[in-house]
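Next come two complexes built around chain A: one with chain B, the other with chain C.
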Partner chain A sequence: MIPELGHFSLIVALCLAIVLGVLPILGAARNNRVFMGVARPLAYGQLLFIATAFATLAYAFLSNDFSVLYVAQHSNSQLPGQYRFAAIWGGHEGSLLLWALLLSVWTAAVALYSRHLPEEMVARVLGVMGLISVGFLLFMLFTSSPFDRLLPAAADGRDLNPLLQDPGLVIHPPMLYMGYVGFSVAYAFAIAALLGGRLDATWARWSRTWTTVAWVFMTIGIALGSGWAYYELGWGGWWFWDPVENASFMPWLLGTALIHSLAVTEKRGAFKSWTVLLAIAAFSLSLLGTFLVRSGVLTSVHSFAADPKRGIFILSFLVLVIGASLLLFAWRAPKVGLGGKFDMLSRESLLLSNNVLLSVASASVFIGTLYPLFMDALGYGKLSVGPPYFEAVFVPLMMPMVFMMGLGPLARWKKMAVPDLAQRVKWAFASALVLALLLPLLMGRFLSLESNKWSPMIVLGLLMAFWIIATLVVSLRQRWTGQGTFMARVRKQSLSYYGMQMAHLGVALFIIGVTLVKGYETERDVRMNVGDTVMAGGYEFQFNGVTETQGANYVAGTGHVSVRRDGRVVGELSPEKRQYNVSGMPLTEAAIQTGVFRDLYVSLGEPIPESDGAWAVRVYIKPFIDWIWAGCLLMSLGGILAVSDRRYRIHKKTVSGPQSAADSLQSPVSSSQPEGAAS
Partner chain B sequence: MRFILPFVIFLVLSVFLYMGLGRDTREVPSPLVGKAAPAFVLPLLHDTGKHFSPQDMKGKVWLLNVWASWCGACKDEHPVLMEFSRQNVLPIVGLDYKDKPEDGQATLKKAGDPYTLVIADADGKVGFDYGVYGVPETYVIDKNGMIAYKLIGALNSQNLREKILPLVAELQAK
Partner chain C sequence: MKPRQKRAVYIVVAVIAVGLAVGLVLNALKDNVSLYFTPTDVHEKKAPQDRSFRIGGLVQEGSIKREGDGLTVHFMITDLHQSLPVIYKGILPDLFKEGKGVVAQGKMEADGLMHASEVLAKHDENYMPPEAADALKKAQTANAAAASAVPPVVK
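Right, the complex of A and B next:
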């Protein structure tokens, strides 16, 4: 009875979504207040019913209702409670329901926090989001309902894929989806602007908050996924350029570009049509990612069973949504206008170049991901593209981008003289270069490596990171010195400025992490008898054998490894080799001791046959690897800081139009009613 | 005019996506299935002085597993292969596809080597002849050197149990 209730709720939600997708947009076109007025109540109603459907599915999972096919396929009575809940999004149907739920959450959030927006804008934005929701609900109801029954009921379920039975996977998909779906808000704002013809600084300010929040979720989601791959796959890698990873990385790159181009549209009224196109493209790539993952067009670790019927549906939906938006763009964008003029060297031009590079990077990932598909369709035979391609294309694109990332915050809007800018950054560049050249000479000793390693790639990586940090210091110095007391000047800078710098610092930490872990990681792969020791990077690892332990729904061989440094015990690591009861699938669970400057990583290979308890053991020293995720965290925090800026909490309708160039960043727009923030 | 460009690009793209849909990437009834496995001579990964050719396997049912050190999905497949090789059902030949030999060697040294022998296809020519789409792929080749089955994507306990093992048993009985 309960699952049918869920199914029924979905149908009701679909009806509400259809009305939401039609009436408000019509109302905005005809200036009909009643039609526009229904948007908010419908958005809340939709959330209510989709949440009900989600709750019934959650109930089916938690109560082990194996008469529901989807539950029988993805759960098991032995599965611990938190994973039974996370199993909701462990398969295709449930992931879609999560998608739809989060979409309705975003829709309701827009409805709630849009009191200060013009009514026709709200109506259009909510209407567009309603239309997207219609697509997903139809898809679910017609091809992939999670509420289908299995009669007679299964005695027990087939269990959740052991790889997904991990705390990281409990939060990774919801975070990532929040990001994917969040871009629908930016998209809806862009479409609303095209429909209404209103595309100004105020519009950019509204979209900016929503886009940044979505981007923050996405950043966290991708970082969590990468962290999961690091400790769960047992190979010590953190990014594999897998199609599904790429599917999340492409919209992230475009989203990053969008945040920056929105900044220009807000401050200078420029890049308007480009911003709109980016907003459409970022969400289109989110949808495309869904298509790639769900349709089985590309093979990947993550993709669920391929079903051509589903593929056709998503593709039609994709063509409809993206095709219609791009047509609308072609029709309306020429009227939007170009906005303020700027010189060859100005903050605008630097941001534009960064935008172009980010988009090209996104396109190159796109081509690499879809290349096998194109070649196959053209009859050139089947081939595959791996990390060699992505690294060869991606890294050269990032170098000029990072260079301009350092210059951007220092350059003036509109016009900047080359000598002036060069004067400002020459010391930053010199010190970054010297540090990057010298630091690798000390790194070997610092990380207790056998030899010092100095390679051009390491120097280049460090140069990029130090360049960001050095220009950041220059920028802070510029802003913190001058009139008034130091503290007053520190306080005078806007939160969005600090947010930007924090996010940029995050990029620098990220680059340091990637560079140093690639350059200095130590790997030891050895056969170890009980009591054997192996040295790696100044640490001594002693293997004390493997004992059998019983988990909730698996049996594990738990290895015992003690780590010493200079004779002193610094840690006990217990890597596991698990065998899950139901699926019989083996799983390697690495043991990691995290540290600021290095991770100690031990995972069990295979037992050595015909030996006395000997195992193949993998020992890694991963210097600075956690800086990768610390960098991502800083980027997200920067985003949160930026949207907390007072500027975005303006309650009353403000005058639109670009502000004057000189005071644009420090404009002390204040508000006595600091409510209605989106974050 | 330039504003219509994104739409045109997208149209072309959707045609490709549509063409991609018709193909089941996991179990393509490859044109090679039922035909003789393309001949080749390749050096062994661990001993480049020695060579391997499908001819050497005449009279045996064997598995050709395409993998690479850079391939993420292979890492998922690896424990399954380790387990399978321990059962000693049939020879498993690994083809290290478009890979630096030292990377391939390091990977196997690190994670264990499930293969009877491994051949190095550094420039991917043989993989091309076999129509390798994505790594990993697995081919079942019968006693007469004919390709009996091709699996795209990772082996797992399910497709091993349901597809590969029954087929191998049947072919070995012939």
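Right, the complex of A and C next:
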């Protein structure tokens, strides 16, 4: 009875979504207050019913109701409680329900926090989100309801894929989906602006907060996914350029471009059409990501067994969304206008160049990801595009981007003279270059490698990272010196400025992590008898055999490996080879000792037949790998800091009123030299 | 500069940038695309001899053999019509099992073995890599056409 209640709730939610998608937009067009006024209650109602549906599915999972097909496929009575809950999004149907739930959460959040927005704007934004919701609810009800019954009920479930029985899976999908779905808000704002023909600094300010929050979720989601792959897949890699990873990376790149383009639209009123186009593209790529993951058209670790009907539905939905948005864009964009003018070298031009580079990078990932699909569809046979393609394209595109990323915060709005800018950054560049050239000479000794490894790629990577840090220091120095006491000047800078710098610092840490782990990692696949030792990167790993241990729903062979450095024990690692009771599926659980400068990573291969307890063992030393995720974390924190800026919390009455002294630094009408006369 | 000239400069710069990016993409695609073949294709000499390619199919029952070092593995990939011997040195993925779907990337060497640099098995027991499924389907039609006997049962 309870699952039927969930199904019924979804149908009610669909009805509400249809009304939400039609009446408020109509009301905004005809200036009908009543029609516009229903938007908020409908948004809350929709959330209520989808949340009810979600709760019933959660109940079915937690109470082991194996008469529900989806539960029987993805859960088991032996499965620990938290994974039974996470199993809700362990498969196709449930993750769609999560998508729909998060969409209704975002919709309700917009309804709640939009008191200071004009009524037509709210009506249009909520209406557009309602339409998206209609698409997803229809999809769920027609092709993939999680509430379908299995009669007679199964005695027990088929269990959740062991790879997904991990704390990472409990939070990775909801975070990532929050990001994916969050871009629907940016999209809805863009469409609302096109419909209303109003796109100004105030619009950009509203849209910016939402976009940044979505971007923060997405950054965390992707970082969690990458971390999960690192410790769970047992290959020690953190990014595989897998189609599904790419599917989340493409909207992230465009979302990053969008945040920066919105900054210009807010402060200078420029890039208007471009901003709208980016918002449409970022959300379309989010939808495409859903399509790629759910349709099973691409070979990927995330693919579920595919149903062609689903693929066709999502593809049609995608074509409809993109087609309608672009038509609307072509029709209304001239009305929105291009915005302010700027010179060849200015902060605007640097931001625009980086926007273009990010979009091109996103497009190159798109081509690499979908190329096999197109070739197959055209009958040229099956092929695959490997990680070297992505590296060969992505790295050269990111180099100029990082260079301009350092310049951007130092350049003036509107117009900047080349000598002036060069003067500001020459010491930053020189010191970054010297450090990048010298550091690799010391690195080998620091990481106790056999030899010093000095390669151009390492120098280049370090140069990029140090360049960001050096220009960041220059920028802070400029802002912190001058009139007034030091503390007063530190406090005078806006939170969004600090947020930006923190996110940029995150990029620098990320680049350092990627460069050093790629340049200095050590990997050894070896056969080890009990008592054998192997040397890797200055560490001595001794294999002390494997014993059997009993887990909650699996049996594991636990390896015992002690690690020594210069004869001193630095750690005991216990990698596992698990065999899950229900599915019988084996799983390698790597053991990792995390450190600031290096991770020690051991995973078990297979036992070697006809030997005395010998195993194939994989040993890695991963220098600086955690800096990759630390960088992502800093980027997200930067985003959070930026949206905490007080200018986003101003209410209706102060929107057009005079702004405080601190805000005037950032104000769209302030002088063209917001840095002040520090240099 | 006049606005018109400025715009012209922007356009030229943009065209050069896009051109460079396209060149980069095409160049990278040329070098890093690997084609899929089935064991039957390899048998019919359709697969390239001098470059790396991918092969999909099932790990043939009873074909996995390990050398004394515990790391070098020999096995056959089959589409139930033809099979291809593969050699791989390293640790295999968890779901690499006899009778299960597999994709291997590697090069044919003079010894008649495919020297695999990468072996992929997917992460879900019920999930068959599309390339492996495709190889089986093709072989099935070939088998049926050749022998017009009872088509092999693919579970």
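Keep in mind that, in the parts below, the second predicted complex is superposed on the first by the 652 of 679 C-alpha atoms of A that agree within 3 Å, B and C clash if a C-alpha of one lies under 4 Å from a C-alpha of the other, contacts with A are read in each partner's own complex, and residues count from 1 in each chain.
As a working rule, a residue touches a chain if its C-beta (ideal position, glycine included) is under 8 Å from a C-beta of that chain, and two chains touch if they have at least 3 such contacts.
Please read all numbers here as calculations on a predicted model, not as lab measurements.
**Q** Look at where chain B and chain C land on chain A after superposing the complexes, then choose clash or fit.
**A** Chain B and chain C clash in the superposed model.
**Q** Determine, under the contact definition given at the top, whether A:L277 touches first (chain B), second (chain C), both, or neither.
**A** The answer is first: A:L277 touches chain B but not chain C.
**Q** If you count the residues of chain A that each partner touches, which comes out higher, chain B or chain C?
**A** B
**Q** Just chain B (first), just chain C (second), both, or neither: which does A:M344 touch?
**A** After superposing on A, A:M344 lies in contact with chain C but is clear of chain B.
**Q** On the A-aligned overlay, A:P419 touches which partner chain: chain B = first, chain C = second, or both, or neither?
**A** Touch partners of A:P419: none, neither chain B nor chain C.
**Q** Could you tell me if A:E606 is touching chain B, chain C, both of them or neither one (first, second, both, neither)?
**A** After superposing on A, A:E606 lies in contact with both chain B and chain C.
**Q** Quick one: classify A:A614 as touching chain B (first), chain C (second), both or neither.
**A** A:A614 contacts chain C only, not chain B.
**Q** I'd like to know which partner A:L397 touches here: chain B for first, chain C for second, both or neither.
**A** Second partner only.
**Q** Touching A:G567 in the superposition: chain B (first), chain C (second), both, neither?
**A** After superposing on A, A:G567 lies clear of both chain B and chain C.
**Q** Between chain B (first) and chain C (second), which does A:V319 come into contact with in this model arrangement: first, second, both, or neither?
**A** Once the two structures are laid over each other on A, A:V319 reaches chain B alone.
**Q** Name the contact category of A:A330: first (chain B only), second (chain C only), both, or neither.
**A** Only chain B is touched by A:A330; chain C is not.
**Q** After the overlay on chain A, which stretch of chain C ends up in the same space as chain B: 6-14, 24-32 or 96-104?
**A** So the stretch of chain C that bumps into chain B is 96-104.
**Q** Can you list the residues of chain A that meet both chain B and chain C?
**A** 163, 234, 296-297, 299, 301, 381-384, 386, 388, 525, 583, 585-588, 605-606, 609, 616, 618
**Q** Looking at the complex, which residues from chain B come into contact with chain A?
**A** 3-4, 6-7, 10-11, 14, 16-26, 68, 70-73, 75-76, 79-80, 82-83, 86, 97-98, 106, 109-112, 124, 128, 131-135, 152-154, 156-157
**Q** So in the complex, which bits of chain A are touching chain C?
**A** Per the touch definition, chain A meets chain C at residues 161, 163, 234, 296-297, 299, 301, 303-305, 344, 356, 360, 363-364, 367-368, 371, 381-386, 388-389, 392-393, 396-397, 525-527, 583, 585-588, 603, 605-606, 608-609, 611, 614-616, 618.
**Q** Which positions of chain A touch chain B when the two form their complex?
**A** 163, 229, 233-235, 237, 240-242, 273, 277, 280-281, 284, 291, 295-301, 306, 308, 311-312, 315, 318-319, 322-323, 326-327, 329-331, 333-334, 370, 372-374, 376-377, 381-384, 386-388, 523, 525, 583-588, 605-606, 609, 616, 618
**Q** Which residues of chain C touch chain A once you look at their complex with the stated criterion?
**A** These residues of chain C touch chain A: 1, 6, 9, 14, 17-18, 21, 24-25, 27-29, 31-36, 54, 56, 66, 69-71, 89-92, 94-95, 103, 105, 122-127, 129-131, 134.
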